[in-house]
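Common to both upcoming complexes is subunit A, partnered first by subunit B, then by subunit C.
Moving on, here comes the complex of A and B:
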């Protein structure tokens, strides 16, 4: 196996530092994300980095795909600057409100159009919503084998990969045959930043935008229509604790704290 | 068997009662039939047992195939999975295979007046909770992390074991487990700790982290951490408290130098008493603490340790 065709699926998410600006419109049941800059999910970045490393070691191409709203294009530019060979934004009004099933379906259509791929990489889970479902769902739609929670790719030999899988009880050493979908854990690597030369080189590369017809998708299976699950409400996390601030000199405060904790019988 | 499986039998019992239906457990593996009793003692009315050497070790396709057959035959309304590495591998593929939805990392489950499963998950950046339903597709499938629900006390049950008639695919060795290296159990698991002292980015350096550990020793507590502390190398992965780590339910939790974003605080909300120490008066963590101290921890931790020894 000399030249690997590698795909990476990423999700652009609202930058958590600006999450306070998110507003849920209870009338339209839509989470409004206008004005909130978008970033690539942490584990997705590791997936991209792993793809770039595989290309460095084995040759081949790295294709990045994302399904989302038009403003996800900035994140895809970023992947080109990091070194991806090509990037596709799958976007169409009908795709709005997609859950992980509808997202995986749309991505699978795009991947079939761009086939063949030897390896598809995704993040193992994300911190906010739809945690890691897309990878295995995508593998199912593509008919690929899957290995999830991968913390290390040990070897690639012909069409066989040897991987380390990180589970709660320990580590598994696994061998799997391509074509393969892999979901990666954060600890698999440290994603590179964007090199200056990367930005320069990326100026000539464009993010390709594909809509419903380009990917040959059935409109009934994308977006909210194609989603078995749906968001029905959003509320702020209610907390019922007093939040009493102890004031005074450190020594007094320390004594007061310990006295209270003893009174509450949580400390001896 | 994973602790979370028993925790899910606990919430499963509540949901089944609310729906006026039965609670089943699926037990797959090789030479595992003796484990069915434990599941019955935790509330299962029926244990669907798939005992086959093809089901050991776990290989995705075998388990997806087995589960799909069981879902087809028994048509449950709801299927609960632990949000473990195996659950994250199995549940989404199974959902896609049988054509239903999946909601992962639920922090709350209940049945509404229409008999539908209401699924709550954390919202972006920690601003709140999103409520999700799967109105038409069945079964409704969710994953739940360990620690969200409590394991029921075992009691003798009248549940029965039903052997599953499975037609498993031929193993094409497309995915092969070569070996398993168990992780060294480092003493008591954080999620079982009675007292937790956790540090975050505000600790500043490894020297400061030593003070956190000293306070923990004075309290006979386990040490927890947030993601930034992990990234700085002061703590290890299994010490991380929060959505991507461990859910703790100690009688006392003290968070030091922790800002308090929701994917940490969701992991501590079942603590009996929460104390927060942070020199930033606007830190989010003060909103979910019982007692707060606005102070540089270096100025006050030694005094706290001293007061504890008196």
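Moving on, here comes the complex of A and C:
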């Protein structure tokens, strides 16, 4: 198949390198992110890279979308510098507090406006919520087939993709027909950097901002109002080490250590 | 006076932070231990077009300015002053071709230098001419359509790595008797000589360049005969000195980060040593010098971008930032106490790397002469 129309959904998240500066407000149940730089989600970056590779190999266009606050525009600008053809920010005050279903709904409205697409790519999950829900929910809203946790796109032949999927105890080879939504794992590729020539080329591209009316979304189905799930509790889980000290002669201690590790099935 | 960066400059900084952390940082240990040039990192620099930053767009470059160049070098230097130094000199080798090259030279050389496919340097210094660039003895004898260059250049960064070297040589007597030539790898009579073993900036190659009746076609003369000193000094001032200032700013940032980290982690008398006034004074001095270095360096870069005469400002930035880098590196070692002397901690690398910046692109004594010339005019 020539000339694929590919969409990538990304999320602007707090930079994990500054995770120590994040504060969870237990009264409002909101993660306070002020002052922490924002970056594209790790697996979303892999999704974008995979889209760019598909375009390089098969031709077509790459359109990036993100639903979020206005400050997500910088991340979208970055995707243009990395090579995306178009970028859309879906934002409106009513979209604040969205859970995964409200997020997927808003994104689906935008994708329908921009349709058709052959492939929609998402990261398998974000490092913050880690639900992995948005991709599958989006596929359902769009009526697309979906394959999740993909670690390699092996082949694109006409309108069929052959994919490698990570499952619990191995890998699965799957063939699926377009239109298709794929969620990708981090190991699918090593995302390219932001080339300086790309930054300069991005001057001719613009992030388009769309609100509620632009995407034709129902206000009752976005944001907190459209979210059937709610954060009700938050606590940190302390991970403590057992901290056992083995005493004795080095050779005896080594034997004992190996025996314990074998018992725990850490070594064979 | 607006001290903020543009969105594009901030995006550039993001790109370079990711590059420095993801590509350069893993190479630092090997560079330190072996002194080997990190070829794969150079390849990645090419993919991101880091060499292309100041090359005009019509020759495959980004057409960006000196402020953007300082951002690039600052971010790389935060992780490795050696990698930033090397990149800075790639730019230095490109600059004279952009400034003084004719259309044929630019079209032939710049696109491949923009991608990093061909790497550059500037070879001016000799045993008889460093701080005094007119003291060089390398000769260029013209016969027909060819110049034969004979001489030896020393302390040349990227001597064994560069494919394209801008070389100064004498075509006549006196300061106006110096010409600049584009010497390319593979030209008969051109070879790298002895490679130097430095106590810092390791992994960035420095060495001799030997010219034994090296045959350079007259199509590789840069500018006119006699333009060499002007061509070389402009490049050294705008690219060499600014490059050292930018490397010094990045290195000072690394010093501050390491010093703060240690002050927060190391406990004495039951508290982090950052609670002690003695440590606070040292940290505040490093912080203040970094802020001043950064302002001076970006201001000088902005002046060059505005095509203003900025010899003094560039010299001030280079002088202050590099001296501050040496002082801050020492303070960082001091903050670490005995650990500051140990190879496992980065403070010793900062200490060794900083000193190299002082004598590069013109010693700081020369910077003072340039500054005094403006002050006393």
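By definition in this document, the second predicted complex is superposed on the first by the 216 of 268 C-alpha atoms of A that agree within 3 Å, B and C clash if a C-alpha of one lies under 4 Å from a C-alpha of the other, contacts with A are read in each partner's own complex, and residues count from 1 in each chain.
Just so we're on the same page, a contact is a pair of C-beta atoms (placed from the backbone, for glycine too) under 8 Å apart; a residue touches a chain by one contact, two chains touch by 3 or more.
Given the structure is predicted, the values throughout are model-derived calculations rather than measurements.
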Touching partner for A:211 - first (subunit B), second (subunit C), both, neither: neither
Contacts of A:77 with subunit B and subunit C, given as first, second, both or neither: second
Touching partner for A:197 - first (subunit B), second (subunit C), both, neither: second
Subunit B versus subunit C, judged by how many residues of subunit A each one touches: B
Intersection of subunit A interface sets (partners subunit B, subunit C): none
Subunit A contact footprint on subunit B (complex, rising order): 2, 60-61, 64, 83-86, 88-93, 95-97, 99-105, 119, 121-137, 173-183, 195, 219, 237, 243-244, 251-252, 261-263, 265-266, 269, 272-275, 281, 286-295, 299-300, 303-304, 306-308, 310
Touching residues (chain side subunit A, partner subunit C) in the complex: 39, 74, 77-78, 81, 192-197, 199-200, 202-203
Residues on subunit C engaged by subunit A in the complex (per definition of touch): 7-8, 10-12, 14-15, 18-19, 22-23, 44, 47-50, 52-53, 57, 62-64, 72
Touching residues (chain side subunit A, partner subunit B) in the complex: 13-20, 22, 31, 99-101, 104, 124-125, 127-137, 139-141, 145-149, 162, 165-177, 183, 187, 227-237, 239, 241-246, 250-251, 253-255, 257-258, 260-261, 264, 266-267
